[in-house]
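Note that chain A is present in both complexes that follow, paired respectively with chain B and with chain C.
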Partner chain A sequence: MKHGLDFYANLDSPIHRWESRCKLIGLFSLIFAFSFVEQLSLLPGMIVVTLVYYYLSRLPFSFLRSRLRYPGFFLLAITLLLPFSVGSTVIVQIGILSLYQEGVVALALIATRFLSILTVSLILFGTAPFLSTVKAMRSLGLPAVLADMTLLTYRYIEQFGEDLTKMKRAMQLRGFRATRFSRRNLNVLASLVGSLLVRSYNQSQQVYQAMILRGYGYTLHHRKPPNPKNRVSGGDLISLGITVAIALGFVVAEILVERQS
Partner chain B sequence: MRPQQQLVSNPDSAREPAIAVSDLSFSYPDRPEVLQGANLNIYPEERVGLIGPNGAGKTTLFLSICGILTPTSGDIGLFGNPVVVGEFRPEIGFVFQNPNDQLLLPSVWEDVAFGPQNMGMSEDEVNDRVQDALSLTGVETLAERVPHNLSGGEKCLVAIAGVLAMRPQLVLYDEPSANLDMRYRRRVINFLQTAQQTILISSHDLELIIEVCDRVLLLDEGRIIADGTPQQVMANESLMNAHGLEMPHSLRLHHQ
Partner chain C sequence: MKGHAPCPLAEVKGQNYTKIMHIPDGILPASVCITGYAATGGFTWYSLRQINRDPNPQENIPKASLLTAAFFVASWIHIPIPPASVHLILNGLLGTMLGYYAFPAILIGLFFQAVMFQHGGLSTLGVNATMFGVPAILAYHLFQLRLKFDKDNRVVTGIFAFIGGAGGLGIATLLFFALVITNIPATIDASAEKMAISGLVLAHIPLMAIEGAFTTAVALFLKQVKPELLES
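Here is the complex of A and B:
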């Protein structure tokens, strides 16, 4: 059974104790700064900052590893494509394949940014109950409808995964093996996806009806953002200041290095 | 630990069991053991009911027997051969509690044909099996319907047909009467009463167990607590109460 994103929300660490809104602003500023970086020389700093924050969060490495499984497929795809298709400066010739310097550089840049941003996101969502994080977003101005959609998505995506597991088991118990690439197998897998989508849609209608019957929609326009119960301490603000300063540092460094080159 | 109560001597002990479970234990990650040294033998042509409170381990036991879950310890044998996790055994069928979990193809016919097609049968053989299975469950008229648009009772019978099309010798039913109205519940009971396979039914519907089964196993906290006829197990009020169950109404009236 897969754990939710906030399975380790009850640990104790400096990041866990960081007030939700400050943490949201600080870590999002880091994420935006990382996405701004284009210079190779800044990548080691990005990696160090990411690792330091992960260390401070006390989240187990197994958590990060388990969440990188599917994004890992994306990384694998670009690893196989970019170095052999992008650029003109050949580093190594392997038979008919040419390894290009520009492709390798692009791979390093994209992979490091991707992993760093993903890791910081996991720190953000893994160190507090998901509901608290969404409430913090609401108090910072996220529209109520988007907040509700986010919560419901989080709530039901795990059920979607469980439904998928059960259906796969049922197929396996009737002899289906997805190992062969055949038209029939593709049809069956397409039917599986279709069935899941139909079930999800039907369930979403029922969930919405249940919400309506308890006043949802009527109260939406009257709902004010929740008053955060946690007070912002001096320590929270200092941590926020440091994190935003680091983020700004990356942006400034990026601009300066780009100008020099 | 409460010792297992063997309330009836098993005359079939000379025959090879259809299911032989020995000291079976299983636990999910980060949770206490769901099955703790469960032992049971089910013999061919038996109709066995499995009862117990929520969380007793009934579905986990079924999934272990089918080779879906890997036990932490213990052995499971199916018709004399050990169960290998992940191996397809067409001689055993499993009808899920929620038929939506196993109906996935665009028409009833295709869904019932799914199992025989996976078994590599010819088109004629598949057609014969589908016809037989639909006929057995009385849902021939639904053959061209879309499974998602069926009623709950119809889905249940179609799901059963999909398993029967593989012609298993043993069928596990997980809560077959869950969410059914009286009419479809009666159809399922009538069907189970005449089923030719060895059956093992997990159910909270104790009246169904009384009508269909000639042997009952009480499972709680991952162990088989009692094993006997429905009257012997379910008419024992203190036993039932001690494990979160109640004596069925029909047996209570009989008792009085």
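Here is the complex of A and C:
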């Protein structure tokens, strides 16, 4: 797969070696703990924990930077909006613009939580092949229908993306320019989407027949020997314990700090 | 290994891709995120129960998966409204075509958007899935109402496709409004925030009409080219 999501899945690091199920539980608990944080005093700890995990994963910084391209618009929007429009306590007055304390606090909270959760998500999905991550989700109770649909969708997104590019190029070569809103343009674009859906539907029938020929839906009656790669070691459990303890630490600290203030 | 991984899909997506209604990580409190996951778990369970009532649910999995991938890609198409362009949510169209498969399809689509393009987020996946998935199922039921009339009539199909498409986005917008309004932090000026969000919701009314018209055009195209896609 060339989505870039698991491009660095074959690196060697403690996070890469961490068993997928333990990694899913540990890093998801960290994500939810981060979303629980409301106190400014806990933000530095959150940044440090995120950076330590990212450092341990040995993922290059360019990977994180490239993934921040689209969320960057969101960060820019809240940076421009929140400090100048939210709150009542003025810190600095520049002409008609007022910088509010509450807005700056809200910005710090939202931006730090957002960046920390996003970075942990990248560590989670960037340090193992996507197939292994879905298998881990399946063994943790994800319904078979959802797991199969996830893998098949992942397999075909790129192909349909390329199909769409070709179809759009063909339309442009035939003189179509969607520069204004009109009923005709809407109908042409609807036909483009319709054609894409018909193509995918036709292909799905061939895919199903190919899957049936390969034994899809046939349940093995003998138990397969466990794959040694999927065995959970003591080290995996210790890493899981440490990560869950850090996550619980944030939740407890949040409750304690809130009670004190 | 040199440089970071190229993302070929980013080229297709274009530069001005924005999703206002996807709630990103860090905005909502943990209690709402967890409630969102619980609600998504409930709706997914209900959808899978309905799916398993099919005589051969396995046969529909490749079809639903490939259509999910196609919808994921189709949602990158921009409709030009000078000086900008908008992209469609298509949850209503997805509901009209996939029925109860629409909820898992939306959940998977949002999951990929979160992990591949960092749109939405993993902590808010449950909330976003409920916000778009429930209206998709409602759109399916709205579209099925055409069976009480003349289902072979193009005008009837067009009208109910419009109601499904516009209704899908409309209900999602109302859910978004309710979620954001009820979760405004106490430190933020609630009245100014409500005014800004109300403006955003009002701006979605013309988008509902465009989404409805687009769903109608796609439904009529499919009715002519591949009618079984609307029947199944």
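The rule we apply is simple: the second predicted complex is superposed on the first by the 179 of 261 C-alpha atoms of A that agree within 3 Å, B and C clash if a C-alpha of one lies under 4 Å from a C-alpha of the other, contacts with A are read in each partner's own complex, and residues count from 1 in each chain.
In this section, a contact is a pair of C-beta atoms (placed from the backbone, for glycine too) under 8 Å apart; a residue touches a chain by one contact, two chains touch by 3 or more.
A quick note: this is a predicted structure, and the numbers were derived from the prediction, not measured.
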item: Chain B versus chain C as contact partner of A:S66, first or second or both or neither; value: second
item: First (chain B), second (chain C), both or neither touched by A:Q172; value: first
item: Which of chain B and chain C A:Y208 touches, first, second, both or neither; value: second
item: Chain B versus chain C as contact partner of A:I94, first or second or both or neither; value: neither
item: Superposition-derived comparison: chain B or chain C, residues of chain A touched; value: C
item: Common interface residues of chain A - those touching chain B in one complex and chain C in the other; value: 163, 191-192, 194-195, 198-199
item: Chain A - residues contacting chain B, complex; value: 1, 163, 166-167, 169-177, 184, 188, 191-192, 194-195, 198-199, 202
item: Chain A-facing residues of chain B, complex; value: 28-29, 63, 66, 68, 86, 88, 90, 93-94, 96, 98, 100-106, 114-115, 117-119, 148, 162-163, 166
item: Chain A-touching residues of chain C, taken from the complex the two chains share; value: 1, 3-12, 17-18, 24-30, 33-34, 44, 48, 51, 57-59, 61-74, 76-82, 97, 104-105, 107-109, 111-112, 114-119, 121-123, 185, 187-189, 192-193, 210, 213-214, 217-218, 221-222, 225-226, 229
item: Of all residues in chain A, those that touch chain C in their complex; value: 2-5, 7-8, 28, 31-36, 38, 60, 62-63, 65-71, 73-74, 85-88, 102-103, 105-106, 109-118, 121, 124-125, 143, 145-146, 148-150, 152-165, 178-181, 185-187, 189-201, 203-205, 207-208, 211, 216-217
